[in-house]
Amino acid sequence: MNSAALNPAAASDRVASDREARLTLRRERLAALTRYVVLCAVGVVMLYPMIWLIGASFKTNAEIFTEIGFIPSQLDFTAYLKGWKTSTEYTFATYFLNSFLITIPRIIVTVISCVLVAYAFARFEFWGKKFLFSVMVATMMLPLIILRLPQYLMFKEFGWLDTYLPMIVPSAFATDTFFVFMLVQFLRGIPRDMEEAAQIDGCNALQLLWHIIVPLLKPAIISVIVFQFIWTMNDFMGPLIYLSTVEKYPVSLALKMSIGATEEVEWASVLAISVVALLPSVAVFFAAQRHFIEGASSSGIKG
Amino acid sequence: MAQVSLKGIEKVYGNGFKAVHGVDLDIHDGEFMVFVGPSGCAKSTLLRMVAGLESISGGELRIGGTVVNNLAPKQRGIAMVFQNYALYPHMKVYDNLAFGLKLAGTPKAEVDARVRDAARLLEMDHLLERYPKQLSGGQAQRVAVGRAIVKKPGVFLFDEPLSNLDAKLRANMRVRLTELHRTLREQGRASTAVYVTHDQVEAMTMGERICVLKDGTIQQVDVPTALYSRPANAFVAGFIGSPEMNIREARVVGGDAGAVVDVGGVALKLPARHAERLGVWRDRMLRFGIRPEHIVADLNAPGVAGTPDLVEVEGVLRFVEHMGSEVYVHFDLGGVPFTSRVGAELLGGVDAKPRGALHRFGFLMGQSHAFEPEGSGRNLLL
Amino acid sequence: MAQVSLKGIEKVYGNGFKAVHGVDLDIHDGEFMVFVGPSGCAKSTLLRMVAGLESISGGELRIGGTVVNNLAPKQRGIAMVFQNYALYPHMKVYDNLAFGLKLAGTPKAEVDARVRDAARLLEMDHLLERYPKQLSGGQAQRVAVGRAIVKKPGVFLFDEPLSNLDAKLRANMRVRLTELHRTLREQGRASTAVYVTHDQVEAMTMGERICVLKDGTIQQVDVPTALYSRPANAFVAGFIGSPEMNIREARVVGGDAGAVVDVGGVALKLPARHAERLGVWRDRMLRFGIRPEHIVADLNAPGVAGTPDLVEVEGVLRFVEHMGSEVYVHFDLGGVPFTSRVGAELLGGVDAKPRGALHRFGFLMGQSHAFEPEGSGRNLLL
Amino acid sequence: QEATLRFSWWGGGERHETTLKAIAAFEARNPGVKIKGEYMGFGGYQERLTTQIAGGQEPDIMQINWAWLATYSKNGEGFYDLNQSKPHLALKEFSAEELRMGTVAGRLNGLPTSYTARLFVWNKAAFERAGMKLPATWDELFAAGKAFQAKNGDKAYVIDGELYDMILLSQTYIYQKHGTPYVDPTAPKVAMSPQAVLEWVQTYKKLVDGRTATPLPYRASLGGAEKPTEQQPDWVTGTWAGNYTWDSVLRLRASTLNKDQKLDIGDFLTVPGAKNSGMFGRPSLLFVVSKRSKHPEVAAKFINFMLTDPEAARILGLTRGVPAADSQYKVLVDEKRIDPLEQKAFAQIKAAKDAGKITLPSPLFESPRMQKFMREVFEQLAYGKITEQQAATRLLDEGNALLARLK
Amino acid sequence: MYENKRLGFLFVLPFVLGVLMFKLFPFVMSFALSFTEYDVMNPPVWIGTENYEQMLTKDPLFGKSLGVTLFFVAMAVPLRVGFALFIAHVLNFKLRGINFFRSAFYLPSILGGSIAAAVLWRFLFAQHGLVNIVLGKLGLEPIAWLADEHYSIWTVILLFTWQFGSAMVIFLAALQNVPISLYEAAEIDGASKTQQFFRITVPLITPVIFFNLIMQMVHAFQEFNGPYMITEGGPLHSTYLLSLYIYDQSFKLFNLGYGAALSWVLFAIVGSLSALSFFTSKYWVFYAGEKDHK
């Protein structure tokens, strides 16, 4: 400070640059603030339906269709109770259990088969690779509804109707090509250094997959799990077509159970149970989201 | 039984670049072979081919007698230290080291013992619980070395394994790696080692033989001292030794006993043995070489005067580099630059003289070399 | 105006590890400062803090007088060579070099000129069209250096920029970088340089001053020759110089003119100046130090006999290392190991003797050192 | 007799509960018989049924919409012919008309659970607030719009309905006036004269331009043209005061009204001297039996139980509308299970029906393609893309062509 | 090891079997159906290419629907992918409460085609809805979003954009694979955060950007829920996407043959666009794990 005082030019220089430092700080805070503002603004649009849903689950029918606000006039959980009990022979506990009976095995077989196939596509050279890859991408391009009937007929021949097999077994053969393609793209973006080291360390292909690729792909694999969970939970058409026994219905089907075409609907119960039905998906996502941002390979060696 | 033999090995990269041009080399079982050569001369490429990480475009690679061209890395019985470390980012240091052993089904207790041994050897016991991203460059490099040595394989491949260590640690590691290699050999579990380095001291002290590469071809393979004193060509001569040998265009003048080399107009009398060998080169241009330590700056230093084949000449001082115990003196001789390397106490007063001043140097011509003028510059005195 | 000044700088990493303990250092505008220190001593950490890549846990960092603790890297006017290169994998070498200039809005023609200049300087013109993964280790490192030098910033930060180059290229680069730095200074656009290296030659030849670090604290900052001849403490003494200084436990015995150090039972007579300074240490343990080049092996070599303060002792030979022009002789003195470094022609016959044989060595005691026995071992003769 | 039969239906909570109970009652009465309910909401029901039929895996007993009969059983062979199980069926409980409605090409494919027709449903409270009385003639209706708006603001409309409701409303007027519906009930052709068609179109325009009916674009702009009336805030609060709709959805429409509103059934507007009521009535739901059923007799017995048994009536109540079968209707009337409004609606329909003034519409009229076509034309009209004349021409020409193709 | 052809094939074997067992028959059958007239109740009747001829020459609705679909895809895909990338980038910062936001932003995608989403959308775009209120505040004329054939498609496009969650999650995961040291280098090189994003992040995650583009394109071409829930294809078919048309033909009008033909035409369009993308990807997608460039 002293030497600066002796040299006015330097002093003013320093004042100026100190100001710049302060400005930077302020700019950074401002940036953080704007980030929050943007996040909150977008967040409201994102969250609104959920909040509305929860609010509406306490409302009367008349309120639901007139008041767009989400604060109900009373807090009354009977809608939840009623919704949970359902108008069927079973409570939602059964339907949730069913959903998990479909979802969990499906996730397991999906992850295993998709990672394996993606690994092959991304790293190996083999005959017909390009062709198979095109086939894989192509299978996603035909509208599903047109495949519905043929698939139904096929599973009928297999004797799989009214079982969970049509929703689980195909996934065991990497037919959820969305995930395969996704994992392939991820893998192709990851350098091979670690794999080389592991080969030297004596890994065979499967060990390589398990010890190196899987950890490196963790964020992608977690998203596969989350997607498959949420999508399977939400899947309505599959169970609708293949399941006929009410006892086997998953949540997605059971949810729409009490919405006829001509009967009055207790919307509060319907919405209440929709809220409950969303909970597992939300919970799974919330639990998993940490892992999207904790990739193993993000931890490069720094210099 | 892990001799490594390369026969006509070639490598062409995907972009068409030919990195290795027919390399023939036999590395004996248990031998410690060092690869040196300029940056980009294909040292890593060769190592990676031996490891099985890079496909072999031509030639035959044998390890322990078996052709391994198409064998997977894990079947080759090797361990490797990568130039860029390639640590597993998701594993702690301990697991990085233990990984290979675990894969091999080594009992847990032994894995632990070996990992801790290696960590101690590499002075990184305290780092075992860290993740790679929490390591400094040199620490990471030691982990990379550790990963290789815990395995005690048939063939060790080291790609510049000590480049990021400080001199002291490096000297330490050098000794320890050498000892490790010897110990294994003495225990009858000889490991062949192929060691890439750009450090002359490492090359000279560790290598039982040194292979000098340039642009994907072998220039010379020999024991260190031979490489130093009898370089096969000008390239090897210039590459080995630091500061590098003075190699300058020159002309042989005069016959037999009176033959001299003329460098920039200054005549340096050749020893009889050299003169004889260079007879056919009379009046032709060649390349004359002399190492900096064979040019003395203090002619009055005791013992210098009587040296056989000492040629005294007058040079123009350019500048002086102090390197602690020794000093490099740069000067011109008839307009041609030379460097002399002398002990700090044998300066003969050069450091007191200004740039451009004259000074008398002594050339120990008995230690001088002569190379062909063209191409790789074959050593004419061998 | 790019002096860099660190005041009480501290760094605590996320895992609680304190890497830097209150570092104070003033690097003058245009100075070439070298950081050396053992692996993991926080050289990179300091550099990264100066660059603004690592948050500063305590203290004040100024560049050009401004406190920059909270300034973004790009506002600091720096260029950096990363220890791990950090090349942009998706850009060709050319674009890796040009990236920073393009961002700064430099005209295209000038970008091109500067990139090609840098490429020529670093001998990598032919690599400009390659992608980083098509480069060898040394080539990649040169690109990393190139990326920094095209920018001509106020402050250069080099983190072991030449570690993967061969000796020859390295010597070359060393000279070129030094010249670049000088040229810029002469052109009035002085760049301050902070240069991390573990290579003694680089440190000694490039550094205008050298800062020796250990475990996140500064041991000594001084010009190279001072560091070598007047190390502040035993750590610096041992760290600088290769092979390292012999530093051994010893005891000062006898008074004034007759004072000796007793190493393993062998008495080494102290020069008068040393004896005087060490008076208070009589009969106490301290650490005695002598560099290998100050132990001669050939007592009959001309000029040795008359050297003042030469002490002759008999050692037990252990082994001899040949390093080309010089030789390291390892021997025991009263059971304490010592190393001597001598010219290849000044061996005095040691190489002919078997391991365990006796040999007479000469200690140049005028060049010896003495350090406190505890802690960092303050130099007692300063 | 051991048999397990599958029975599929869609519906809401009450329908599920009561049906399950009815099944239990049936099973109690028929030891050895098991009826497995496969029930769900309306969404996706038809897709599933179609897929199942295509795969030959449909349930033994199915609930379908009457209009679907034309699709699933064009020539009467799509389902089991219940005539083959006559002994198990109390067919006398149903009117000949009702039986005819379940018959295709002489085969009795299904039996109706109830009969439903379109009626005028008014929010009496809203009219009271406007100081108006319920429209009693068509002209009153056409004129009501402006008056209503003058009182209740320009967001107020006398009658709401989505496009199809309005098409039907206008058709009723023309039917009464010209004596024919759009599609000939007996032959696949347009029955209206060109003039009648034009007036049909014009009537629609009149309703809208006269501010009587909610205009299509306005309705769309509020959140989708096909959003049901009871979900419209303006309906909930009584800003919109009427609906032309099935009697079976009365409760649905009432279910969202706030407490200030009160529904009533209005007079069925009739052009003086009209021969036909123009009322659009038909069975609502049918029970049908799969032609692949292994136990068609048991299925028939079950249907019979559901539709004619007094006990079943007690259990099921009005969950599938007012029962078509006399005995069941009686039980409910006796037990006062039908509330006055529904009673009133039913009476209105019954009166017209008994007077022979409801003619069964052509099944083709409700065929999906026909619907799509009509909607398209009227939508274009509503958006002013075509003139009334153009719309009329299209309805005539293209309508005829389409009908010819559909038959 | 990766050159081991047999091993590679062994690993894709599940997929090959999966295709043979579960995909081949439905594909072949739907293709065959596209040459028939099939109303579910009666066996399909072979009519050759009549469906295709009808579609291309006599069916104005097909042209209309295709146009709407192409417009939808052209708008919705870049919007969704761009938005997802942007938000993923923002959500990748270490901020307090970021976990909450990440979940919040994914919620719409969990809601999928539920009524809540429909209710929200109708609320936003209704005549007196939020969007018009905002427009009014800005001094603009209100727009009959759901009733005006020129604007209605935008409600569907925006709904598609709004449910950007899964693309965002994939981007978030991809962002983790960008080595931090490259950001550091770029920072030193003087790149602003924005420049880092476009010059470092984007190029390095091009494999995943490419994936999202392709997949979102495929999804957009098959988008059904949005228009079905909000506009039901109207008004005046202005939101009548091909998938709605296919659905109507197949399951409302029982024209399964025609529906199949429509589907295969859609397939051909999506397929050729994807092939085109794959072809161009060589020039802009960077694969760090690929052995060689070219």
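In this document, chain identifiers A, B, C, D and E correspond to the written order of the chains, with residue numbering beginning at 1 in each.
FYI, a residue touches a chain if its C-beta (ideal position, glycine included) is under 8 Å from a C-beta of that chain, and two chains touch if they have at least 3 such contacts.
What you see is a predicted model; the values in this text were computed from it and never measured.
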{"item": "Centrality ranking, top chain (CA atoms only)", "value": "A"}
{"item": "Far-end chain from chain B, centres as C-alpha averages", "value": "D"}
{"item": "Inter-centroid spacing, chain D versus chain A (mean Cα positions, whole Å)", "value": "42"}
{"item": "Chain C and chain D: spacing of chain centres that average the CA atoms, whole Å", "value": "94"}
{"item": "Whole-Å gap separating chain A and chain B, where each centre is the average of the chain's CA atoms", "value": "56"}
{"item": "Set of chain D residues in contact with two or more other chains", "value": "47, 54"}
{"item": "Overlap residues in chain C, where contacts from two or more other chains coincide", "value": "44, 72, 82-84, 86, 89, 133-134, 159"}
{"item": "Touching two or more other chains - residues of chain E", "value": "1, 3-4, 40, 123, 179, 181, 184, 204, 206, 251, 286, 288, 291, 293"}
{"item": "Partner chain B, residues of chain E touching it in the complex", "value": "1, 3-4, 291-294"}
{"item": "For the chain E and chain A complex, residues of the former touching the latter", "value": "1-12, 14-19, 21-23, 25-27, 29-30, 33, 40, 87, 90-93, 95, 99, 101-112, 114-117, 119-120, 123, 162, 166, 169-170, 172-181, 184, 204-208, 210-211, 214-215, 218, 221-222, 224, 243, 246-247, 250-251, 256, 259-260, 263-264, 266-267, 270-271, 274, 278, 286-291"}
{"item": "Residue ranges of chain B touching chain C (in the complex, touch as defined)", "value": "13, 15, 17, 36-40, 42-45, 83-84, 130, 134-139, 141-142, 159-160, 163-171, 198-201, 204-205, 224-225, 228, 238-244, 291, 293, 301-304, 321-326, 341, 343"}
{"item": "List of chain A residues in touch with chain E within their complex", "value": "32, 35-36, 38-39, 42-43, 45-50, 52-53, 68, 113, 116-117, 119-129, 132, 135-147, 149-151, 153-154, 170, 172-175, 177-178, 180-182, 185-192, 199, 204-205, 208, 219-220, 222-223, 226-227, 230, 234, 270-271, 274, 278, 281-282, 285-286, 289-290, 292-295, 297-298, 300, 302-303"}
{"item": "List of chain B residues in touch with chain A within their complex", "value": "51-53, 72-74, 78-80, 82, 84-90, 99-100, 103-104, 131-133, 135, 137, 140, 147, 151"}
